[in-house]
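Each of the two complexes below includes chain A, the first together with chain B, the second together with chain C.
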Partner chain A sequence: MKKAVSLLIVVIMLVTFSGLASAQTELSLWYHGAGNEIERSILIGIIDDFNASQSDYTVALEEFPQGSYNSSIVAAALAGDLPDIIDVDGPVMPGWAWAGYMAPLNLSEGALDDFLPGAIGSWNGEVYSVGLWDAAVAIYARRSDLEANDIRIPTLDDPWTGDEFDGILETLQATGEFEYAFDVGMAWAGEWYNYAFAPFLQSFGGDLIDRSTYLSAEGVLNGDAGIAFGEWWQSLFERGLAPGTSQDGADRETGFIDGRYALQWNGNWAAITALDALGDDALFLPAPDFGNGSTIGAASWQFGISSSSKNKEGANAFIEFAIQDEYLAAFSDGIGLIPSTSGAAAISEYYSEGGLLEVFFELSNRQALVRPVTPGYATMGLIVEKVFADIANGADVQDTLDAAVDEIEQDIEDNGGYGFEM
Partner chain B sequence: MISAATARKNAPLWVRLLLPRDAPLYQRNDAIMGWLMALPALVILTVFLVIPFLMAFVISFTNQRLISPNPAEWVGLRNFERLLTIRTFTLEPERDESGAYVYDGGSLSYPRLREFTRNNPDYPELDGLREFTSWQSDDNRTVILVGDVVFLRALINTLIFAAVIAPLQGGLALLLALLLNQALPFINVFRSIYFAPVVVSMVVVSLLWRFIYDGHNGLLNTILGIISFGSFQPVDWLGNPYTALPAIMAMSVWQAVGFHMVIWLAGLQTIPASLYEAAGLDGAGAFQKFRYVTWPGLRNTAVLVLIVITIQAMGLFVQVDVMTRGGPLDATQSVVFQAVQRGYDKQDIAEGAAISVILFVIVFTIAMVQRYITREKN
Partner chain C sequence: MSYETRERLSLSLRYALLILIAAIFIFPILFMVMSSLKPDLQLLRDSASLRAFLPVGDISLNNYADAFERVPIARFAFNSVFTTAVSVGASILLNSMAAFSFAFLQWRGKAFVLSLIIATFIVPFEVVAIPMLLIANNLPWIGPQGIEIGWLNSYHVQIIPFIADSLGIFLFYQYFRDLPDELVEAARIDGASIWQIYARIIMPIAGPILATAAILKFLIMWNAYLWPLMTIRSEELRPIMVGLQYFFQLNIAWGEIMAYLSMVTIPVLIFYLALQRAFIESIATSGIKG
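Right, the complex of A and B next:
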């Protein structure tokens, strides 16, 4: 017994003194990508470089699986135990900022000048988060198929128009060579629906909500543009041009590469696989313009600072350190993401001039439109996700959009405007 | 020597409370030991079941959000009203200035319902309601308006699911148990085969069945095509509102039937062989043996199986979450899926809690009714 007690005392002393010996303050960093070895090694590299570059702070990394990351943050916030540096998904950020989980960033003047618009997370006039990468979506196509059917290859400056695109889908379907002309990815039920399909709605001139007030969706989601979008969207599935909500994940992964789908609406993360399979024949084309310009979604995972951090200065220093071009390029080379700055793009493998995925950087730079920047997005997104699914399955377009508007506005009212002036 | 009654009077209050009135005091130690042994289970049940349920009950009367700086407020029965409101409303055809009906391409024209249900000061009781279904009565259209179309669909689907699953799964499990309750060689191999799906995670099973049900090149369509010599038209099982729920039912029965088969088997093996011998001597045939020996002997097992399957069926969630997410067109919405989606995904904990409370009341009622119907009549 005595032995045990004295041993305990020694242990306590050792711990205490070793703590005193290092005058460095520890900053905790939570990350969503547990299980991804490449991501981990790049992030650890950045942390090691940062820890070695100065003597005031050390960053300690804790990783979570993506599926349980958000609930871990919510639980930590309720327990008053948030990390100093938070990793946050772009559309979720306003919710966490509004709830008081996050503090605005305090980076040096001009630190974000070169950044892609989608990689900067602003809410309420303040920058809360910044992303080391962004993602973009394009139409995957085979050059050979387009040429065989005399289809013009569109450019960023001159994308397909809505009618032209619709005609192309009919033409490709009519060849009989494909199960479906256009795979939009209905198998990826979830946030993909909003991220990938809302840009079509926006290109028609509609949106999820009126972004000037963030209080009403009437006439925006269910206006003439919304209805025009809905009818076109429904007709894609009615005419058998696109696989519906029952598409399984395996078909989504391999359908285009195997040649069963003529065109595919997919993100840059799948581009390497397509290039490996198709080589030069693979094309990544900009979204069609349905009248209001071509648009794609934006904002991926970003870094921010928790409001309860006692070391905000250190946390800011780490984020500023991490957004150097070389690290952005390292993530890009490692996992194929779009680097957030043109400087990083220029030194990256895939997005530099003549790089295999160069086109995606310009897509992000010129067409990106972030999802509605409001704490209400969490709920709104799910409501609209169901709209995309229901209309695809044949629900009445006007009724579905009207109901979604009512539900969105009810939720905003229940939440006292989500921080916007009612 | 003091009498038991005196000792009881002198004993501390808690001992008196724990002991039956007529128990001799020497049982005191037994009672204490009993409660001590039950303690871990009681603590765990209280912390993880009783307290969360009580919290859900309280939260269902507030507007508590998962993530929000706004403080929670009492809202009374608002959450329940929104979920459960059902009204009928008669929609009259539109008339022109002279009062005659307006015809639109030969059929009567009606005003849009939304004119009544959205910010209409003349119809405050209809605010926020949506059409569930409607029918024609003479020139008017009668509409059933409900506060929450999706929840009502979820409730109906879940009840249909339970009503189909309970007899189907219980019956099939009994059939399997009877087949496998024989002294055949390798019988344990067959028992293991039928039990195998039970030990596989429901998530995995659901993913596999998504491929089986694929509308183009799924296993089911391919097999049906082969055995019908190609005359069978492929069905998009999970993409069609009419086949999606039956498809989930079939797959759920396949997954869980082995579990209840084992319970039936256990029940079958408690029936003494001598009863069958006696019945055989009396000249009973196979059916009569089942009717007058097996079935009465399985009475308690049957009650257990029925109640367990019903409760499990009312908790339908994983299959829906993995396979259809409630679609297509709400054909596979379930109550628990809605509770989770609203509570966590839409961050409306209060509404999720209200759904849980409603589900509790329903399951409790069903279990009580089943218990009453299947009670020992004498």
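Right, the complex of A and C next:
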């Protein structure tokens, strides 16, 4: 009889515990990094740690290739089939939030205090996403070239001024040693144009749109500052200082390393290759200051929560778990991107004090300006992308900027202000 | 200039032109295969010179090994072969039956239905993709847990919507229409049923158009990209073309892309070469252009 009772207790316990185990709620997570083995293994490590750290939730990962990820999300939203946790590219986030794909995050007080500004995705007064890393752009140079031409090495506190920078380009071009003095990356048509070139416009004092209202670009894109930028931008190509829109993608990849370009405007993701090729001779320098401060773009991929998630509490818990410094540093060490917090930077291989890429963290911290935080950026970005190309190809600066302003404002009007009070 | 010299010159010119045209088609493939053997930096440096078409420099199969590590190629290849094979087989059967009906059977509204089908030629897939997605998301299916709603994330969502296709029906119809009526009449007099006429009289002589329809359907299915992107969530179900996107990271792996493309292109070339004679015959005899 005793045996039978014991057996019954064991059975009841087994049933109870297996019931508890199956009571764990599964959180679906969609991620853009398919094909990046290092990124994948780090993310799986975080998921495993999270799943083991508590008994309420398990996270299930689905990976998508980056180039087609946004299309997959939009299709899933149409089909009402969004996952609990999504990752989203920084400039795309406002559009998805406005379209109702995303819900605001609900993280603990102070959870984002140490974060780089570009890694926090805010829209309409609420935080919708947070990035595990950021990216930064710098001027790639060779110390030996600068010293040979008596060019001072700029610092974050004392960057090259606009005139100084322009003179340096002329000097380097005049040496005859380089095909071009400055490679801005015209071969990388697409979002690179806005991410990388808009900071020049902003340093001149212009912008893509008036950020106080997000309703008008008049006088901001096509004002005096915009025209001054446009004329300088066009002159880069007219004077033969920079390769134009016909630049070959292969030249973009190898031109600086092979010594055919004196300076190159490039992101931190290319820095390791440059260091491998040039060693100590490689320099990563801050953007020039054209009068309104040195500026670079910001905001990379970030985690957010879908509005249709039935497990928002669990999704928030996972995101808060994933943004611990040790994980941010692991991503940085693995794929070379900038950790989102100073705490993570301090323990990372490349961005800690004396690290090979330390300069990029400060660039991101002090010069970063996110792209316009509006759902309208998706269209605005395409319009301005064409502006950069057209002006480089010789189009009339004033006419091109005026036409772009008209297009941007028409799109805003057509979309009822994209959620901003008209 | 003698007649013979003129003929020889003319022949030489024609050959030169043909060689030039052949080179235009062959060089991209040569570039792809040669580049797949080179490290990224060398590949990019060689791309502006004739070296791009030569197996020179640091040659290895490393890109192939790396591509296999980055992408579950075997799984993706299986998915593509499976969905393509089933689609091609089913579409040949269904479309030829439909065309047979249009060509040889008498039924009310036949001309109207045929013109409706042909009219769908002008509607690009991108236009109907979203309505198709919404429909597929609400269709029932019998799965392991009984009746389920929604076809997303499955093999059948990659196959069934593409079985019936207006181009296939039109190709078969055009071919059947040119066959002599006596063939069918004689079979009917001999007591053959409609199914027997279809299976034993018409289809056995439809080889050239079968090859054409199979090649065209094969290409559409093998190159499927947008639809799987919209409907497939799980890596285990993805076709091979979506896998190409795996290589476009922040630092693009050009050598691996070329290796992957070389591997993806080979089955297409084999399939085409296997059916080439029938395909050309079909074009020559029926005036159909693929």
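Criterion: the second predicted complex is superposed on the first by the 401 of 422 C-alpha atoms of A that agree within 3 Å, B and C clash if a C-alpha of one lies under 4 Å from a C-alpha of the other, contacts with A are read in each partner's own complex, and residues count from 1 in each chain.
Quick note on the criterion: contacts are C-beta pairs under 8 Å (C-beta built on N, C-alpha and C of every residue); 3 or more make two chains touch, one makes a residue touch a chain.
Source: prediction; values computed, not measured.
Peer 1: After aligning the two structures on chain A, examine chain B and chain C and state clash or fit.
Peer 2: clash
Peer 1: Does chain B (first) or chain C (second) touch A:235, or do both, or does neither?
Peer 2: After superposing on A, A:235 lies clear of both chain B and chain C.
Peer 1: Based on the superposed arrangement, let me know which partner A:269 touches: chain B (first), chain C (second), both, or neither?
Peer 2: Only chain C; A:269 stays clear of chain B.
Peer 1: Looking at the overlay, what does A:65 touch: chain B (first), chain C (second), both, or neither?
Peer 2: Once the two structures are laid over each other on A, A:65 reaches chain C alone.
Peer 1: Thinking of the overlay built on chain A, is A:98 touched by chain B (first), by chain C (second), by both, or by neither?
Peer 2: first
Peer 1: Touch check for A:79: first (chain B), second (chain C), both, or neither?
Peer 2: Only chain C; A:79 stays clear of chain B.
Peer 1: After lining up the shared chain so the two structures overlap, which partner does A:258 touch, if you call chain B first and chain C second: first, second, both or neither?
Peer 2: Touch status of A:258: second partner only.
Peer 1: May I ask you to decide whether A:35 touches chain B, chain C, both, or neither, giving the answer as first, second, both or neither?
Peer 2: Once the two structures are laid over each other on A, A:35 reaches chain C alone.
Peer 1: Between chain B (first) and chain C (second), which, if any, makes contact with A:213: first, second, both or neither?
Peer 2: It touches nothing on chain B or chain C.
Peer 1: Of the partners chain B and chain C, which touch A:248 in the superposed model: first, second, both, neither?
Peer 2: Touch status of A:248: both partners.
Peer 1: Could you pull out which residues of chain A sit against chain B in one structure and against chain C in the other?
Peer 2: Of chain A, residues 71, 248-251 contact chain B in one complex and chain C in the other.
Peer 1: Give every residue of chain B touching chain A within the complex, in rising order.
Peer 2: Per the stated touch rule, the residues are 63, 65-70, 114, 117-118, 128, 130-131, 149, 210-211, 213-216, 236-241, 324-330, 341, 344-348.
Peer 1: Provide the residue numbers of chain A that touch chain C in the complex, in ascending order.
Peer 2: The touching residues are 30, 34-37, 62-63, 65-68, 71-72, 75-76, 78-81, 248-251, 253-254, 257-258, 267, 269-270, 273, 335.
Peer 1: What part of chain A is in contact with chain B in the complex they form?
Peer 2: 71, 74, 77, 95-96, 98-101, 179, 189, 244-246, 248-251, 375, 378-379, 382, 386, 389-390, 393-395, 399, 402-403, 406, 410-411, 414-416
Peer 1: Using the touch rule from the top, collect the residues of chain C that touch chain A in their complex.
Peer 2: 40-41, 43-45, 47-48, 69-71, 130, 133-134, 137, 150, 152, 226, 229-231, 233-235, 242-243, 245-251
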